[in-house]
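Across the two complexes that follow, subunit A remains constant while its partner is subunit B and subsequently subunit C.
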Partner chain A sequence: MVTFKELSYVYAPDMPYKTTALDRVDLDITEGKITAIIGKTGSGKSTLVQHLNALLLPTSGTLEIEGYTIKAGEKTSKLKELRRKVGLVFQFSEYQLFEETIIKDVAFGPKNFGVSEEEALERAKKALELVGLDPSYYQRSPLDISGGQKRRAAIAGILAIEPEIIVLDEPTAGLDPKGAKEMIGLFAMLNKKMHKTIIIVTHDNEIVYDFADDVTLLDGGKVVCKMKAHDFFAERELLESHDIYRPRIVYLKELLKDKGIMIPDDIHTLADLAAFWRDHE
Partner chain B sequence: MNNIVFGKYIPLDTPIHRLDPRAKILAMLIALVAIFIPAGWYGYGIIAVVILFVIHLSKIKLKVIFKAFKPMIFMMCFLLVINVLSVKEGALLLDLGFLEIYSKAIIDTLYIIVRLLLMIMITTILTMTTKPLDLTLGIEYLLTPFKKIGVPAHEIAMIISIALRFIPTIIEETMRIMNSQKSRGVDFEEGKLKEKISAIISLIVPLFSVSLLRADELANAMEARGYVPQAPRTRYRRLKYERRDLILVIGAFLLLALMITLAIVI
Partner chain C sequence: MKKIVEVKDVIFSYDNEHDALKGVSFDVEEGSYTVILGHNGSGKSTIAKLIAGLLAIKSGSIAVDGKLMSLENIAEIRKMMGIVFQNPDNQFIASTVREDIAFGLENYEVDPLKMDAIIEKYAGLVNMKEYLDKEPSNLSGGQKQRVAIAGILAMRPRLLIFDEATSMLDPTGKEEIKKIIYDLHTDDTLTILSITHDIEEALKADKIIVLNEGRVYKIGSPKEIFSDAKGLRDIGLDIPFTYKVKEAFADVGIRLQEHNKVEDLVEELWSLSKN
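Up next is the complex of A and B:
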C-alpha cells in the first residue's frame, strides 16, 4: 500500500506568489493495481506523482511507500534505492535522452543502479522490444527520432530499471491513437503478467475506463474522491460537477437505458455490448 | 536549486516598483560606479544604509539576497586563500610558521566581499522590482541616442528581453531534466568523479538540445508573425518620467558625488 497522510506541497514557499499544489492529501494506492490519477490542468497531478520517488519532498505530512516513510522536514536515507523500486516516467519525458545511441540511453538507468554493462544492454533490448522499437533503432541517436519514438525510448529507459511500481505522467500525450493504445496495453500487460503496480496520470477517460482499476480525482490540490473506475463513471452528478466527460461506452449504455433497453452492469466494452446485443436479438 | 531565481521579478506595488525603468537603470549604473570608488568604510557604510533603505521600501526579503550570495561563498574562500598567500602587507596577524597572515590580505578580501554584496543587492533590487519587459524597454530608450553611431538599440533590447524571458524557462527545463535523470538513478549530489561527470553530461546534453529546439521554435514563431528587426514599430506601452524618477537619479548622483568627496578627503 502506498499511503499519503495529510500531505501538502507548496511551491516557492518564501515568495509572495507561492502555490499550494497539494493540500492535505490523504490517499491510499493499492499495490498490484492500475490506478489512474485524473484532474484538470494544474490540479496537482504531476506534483503528486513526483512525491512517489521522492523527487519532491512534502512540505508537511507523510508518505509511506515500499517500506519507506518520507516525512516533511526529515531526511530519508537511501533515496536511490527507492528510485530503483519506483520508476517515474515524466510528462515530456522525451527531453531526458542524451546518449549517442538509443540502446545506450536505455541502458543508462540500470547501469546507474549498479547493473553490469552486459546485463544493462540485455535489459535495454528487452525494454525496447516491449515499447515497440525494433533493433534497427538501437544504434540511432535518440536526438533525431520523432517525438513519439523519443517517448517510447524514454519509457523503455524506465522499464529497463525493472521497478516494482511504475508511475507514468501522461505517457500517451502526443502519441498517435494506435500507439497510445499499444502503450497502455503494454502497461496493462506489465500489471497482469508481472504484477507491477501501475500509477498513471492521464486526461484520456477512455483509457481510464478500459484499463484502470481505481481512479483518483484531484481538484485544486485536493483529492475529491478515490473509487473503482467503473463505479466512478456511473456517478453522473460528480462527473458533471467536475466537467468530466464520460467514456463512449458509458454514454452509450446510458442512452440505451433511457430508451428502456436494460444493459447488464458487467458490460464494459463495445465488444461485450455487441455480443450481448447478438444474444439478445 | 530554487535559489537561482533570485533575480526574478516579484509583482508587488511599492514606491520602488512604480519608478520608471529608465530612471532605475540609470540610478543602478551610477550606484555601481559609486561602489567602485574607494571611499573607505564610511563610504560603504553610507551606501549600505541607502541600499538597505531602498530594499526595505521595495519589500524584498533580505533572505532572498543572501540566498543569491550563497553560491559565491566558495569563490570568496578561494579569494581569501589567494590573498593570504600573496598579500604580505600590513600588520602581521598570525604566524603559523609555514604561513604568515597579514591584515591587508583580510581587509582586501573584505573589501571585495562588501563590494560584491552591494552590487548583488543593487542589481537584485532592479530585476525584482522591474518587469523584464519594462527593463528592456528602458534599455532600448537609453540606447536610442547611440543609434546615430550605429548601435542597434532595438535589436539589443530584443535580444536582452528574449534572454530574460528564457531564464525561467531554462531553469524549469534544467529542473525537469535533473528530475528525470534522478529517476534514472543519477546522483547529482554525491558520487565519484566519473559518476559526477556522467551526471553532468546527462544534464547538459538534453539541456542544449532543448534550448536549441526552443530557440528554433521561437525564431519560426516570430518570423511567422512577420517580425522584421529593422521595421519601424510603434509601442503599446510608453514610458513617462515623473518627479520621483528625477529625484531618484539626482539622489544617485548625490551618492556618487559624496563617495568621490570622501575618496578625496580621506
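Up next is the complex of A and C:
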C-alpha cells in the first residue's frame, strides 16, 4: 500500500507567488492494481506522482511507500533504494534520452544503481523486448528513431531498473491510436503478468475506463474521491460537477437511460452492449 | 470546385535514404474542410510542411492557388496561408495576448491605428477577448492555441493549416480548438486543412485523405473512409465511436445506419426499441 497522510506541497513557499499544489492529501493506493490519477491541468496530478519516488518531498505530512516513510522536514536516507523500487516515467519522456546508443541508454539506469555492466545489458535487452524494440535497435542512436519508438526506449530505461511500482505521467499523449493502444497494452501486461503496481496520470478517460482498476480524482490539490473506475464513471452528478469528459460508451449509456432504456451497470464494452440489446430489446 | 492546393507525385526524403513520401497526389478544394489522417510516421506532417513551404520539395510539384510553388514565389504564397502547430508553448512569442496577435500584423505593416480593432475582432472570434492583457503563463494550452489561431486569422489567410494542433492539449483544450475549426468552416472563403490522427475530428470533414507509409491509402468522404474498418486498423488507425457501435451491433445481427453523432445513433436505437 502507498499511503499519503495529510500531505501538502507548496511551490515557492517563501515567495509572493507561492502555490499550494497539494492540500492535505489523504490517499491509499493499492498495490498490484492499475490506478489512474485524473483531474484538470493544474489540479496537482504531476506534483502528486513526483512524491512517489521522492523527487519532491512533502512540505507537510507523510508518505509511506514500499516500507519507507517520508516525513516533511525530516531527512530521509535510502532515497536511492526507494527510487530503485519506484520507476517514474515523465511526460514526453522521449526528450530525456541522451546516450549514444539505445542499448546504452536503457542500461544506464541499472548501472547507476550498482548493477554490473553485464547484468545491466541483459536487463536492457529484456526491457527493450518488453516494449517491442528488437535487437536491430540496440546500436542505433536514440535521436534517429521515431517519437513513438523514443518513448518506448525511455520506458524500457525505467523497466530495466526492475521497479515494483511504475508511475507514468501522460504516457500516451501525442501518440496515434495504435501507438496508444500498444502502450497501454504493455502496462496492462506488466500489471497482470508481472504483478507490477501501475500508477498512471492521464487525461484520456477512454483509457481509464478500459484499463484502470481504481480512479483518484484531484481538484485544486485536494483528493475529491477514490473509487473503482467503472463505479466512478457511473456517478453522473459527480462527473458533471467536475466537468469530467465521459468515455463514449458511458455517454451512450446515459443518453439511452434518458430515453428510458436501462442498460445494466455491469455492461462496459460495446460487444456486451450489443449482446444485451439482442437478448432484451 | 476550384482547387486551392494541388499536390502531384511528391517524393520527399529527410536523409536521402528512406523516402518519407513516396509519390503523393491529392487536391484540396477551396473553402473545404479537408483532413489528412495518418498514424505517426505516415508522412502527414511532412506533406503539411511541404505545402507550407517549410521544407523544399525534391520531386513532384505543389501548386497553391494555381501557382506552382518555387523558391522564388514561396514568400508570396506563404502570405495567403497560416499554420497552427502542435505545441502551444512554442508559438507564443510576445508577453501578452494582445502583443502576440499584433506580431503578425506588425510584420505585415498594418496601420497601427487600425490594429486594435483588428486584434479585438479576432480575439473575439476565438473567445479570448477578456484575456487580451494576460500573460501566457496565465493561459491553458487550449487558450494559447486559440491565441495562435487569432494571430493567424488576423492576417486573413485563405488557407489555414492545423498541424496536429490539438494533440498536446487536454480534453477541454481539444474540444475548444475543434469547435473553433468547425465554426471557421462556415466561412466558405477560408480553406481548412487539418493534419491529425483524431478520427472523431475527421468525421466532420468534407474530405479525408488517408496517408500510410508515405503513400495515399485512400481519399473520400468520412462515410467512404470509415466504412473500411479493417483497412484502417491494418494501417494503425481506427474508426469513430459511432461506427464501432454499428460494427458491434452488426456482429450480433442487428443492422444500424451510419451516424456521425452519438445523439442520432441513440434516436435510431430508441426507435428500434419501440418497434
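Throughout what follows, the second predicted complex is superposed on the first by the 269 of 281 C-alpha atoms of A that agree within 3 Å, B and C clash if a C-alpha of one lies under 4 Å from a C-alpha of the other, contacts with A are read in each partner's own complex, and residues count from 1 in each chain.
The rule we apply is simple: a contact is a pair of C-beta atoms (placed from the backbone, for glycine too) under 8 Å apart; a residue touches a chain by one contact, two chains touch by 3 or more.
In this text, all values refer to a predicted model and were calculated from it rather than measured experimentally.
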{"item": "Three-chain arrangement built on subunit A, subunit B and subunit C clash or fit", "value": "fit"}
{"item": "First, second, both or neither for A:L252, with subunit B first and subunit C second", "value": "second"}
{"item": "Partner chain(s) touched by A:E281 [first = subunit B, second = subunit C, both, neither]", "value": "second"}
{"item": "Partner chain(s) touched by A:H195 [first = subunit B, second = subunit C, both, neither]", "value": "neither"}
{"item": "Partner chain(s) touched by A:L143 [first = subunit B, second = subunit C, both, neither]", "value": "first"}
{"item": "Partner chain in contact with A:M15 - subunit B first, subunit C second, else both or neither", "value": "first"}
{"item": "Which of subunit B and subunit C A:I261 touches, first, second, both or neither", "value": "second"}
{"item": "After the two structures are overlaid on chain A, angle v-u-w for subunit B, subunit A, subunit C in degrees (C-alpha centres, nearest 10)", "value": "80"}
{"item": "Partner chain in contact with A:D243 - subunit B first, subunit C second, else both or neither", "value": "second"}
{"item": "Subunit B versus subunit C as contact partner of A:P177, first or second or both or neither", "value": "second"}
{"item": "Subunit C versus subunit B - closest C-alpha approach in the superposed model, Å", "value": "5"}
{"item": "Footprint of subunit B on subunit A - complex, ascending", "value": "12, 14-17, 50, 53, 55, 80, 83-84, 87-90, 92-93, 95-98, 108-109, 112-113, 143, 154, 157-158, 161"}
{"item": "Residues of subunit C touching subunit A in the complex", "value": "38-41, 86, 140-141, 164, 167-168, 170-173, 197, 199, 236-238, 241, 244-245, 247-249, 251-254, 262-263, 265-266, 269-270, 272-273"}
{"item": "Residues on subunit A engaged by subunit C in the complex (per definition of touch)", "value": "40-41, 146-148, 173-179, 203-205, 243, 245, 248-249, 251-252, 255-256, 259, 261, 270-271, 273-275, 277-278, 281"}
{"item": "Partner subunit A, residues of subunit B touching it in the complex", "value": "2, 10-12, 61, 63-64, 173, 176-177, 179-187, 201-202, 205-206, 209-210"}
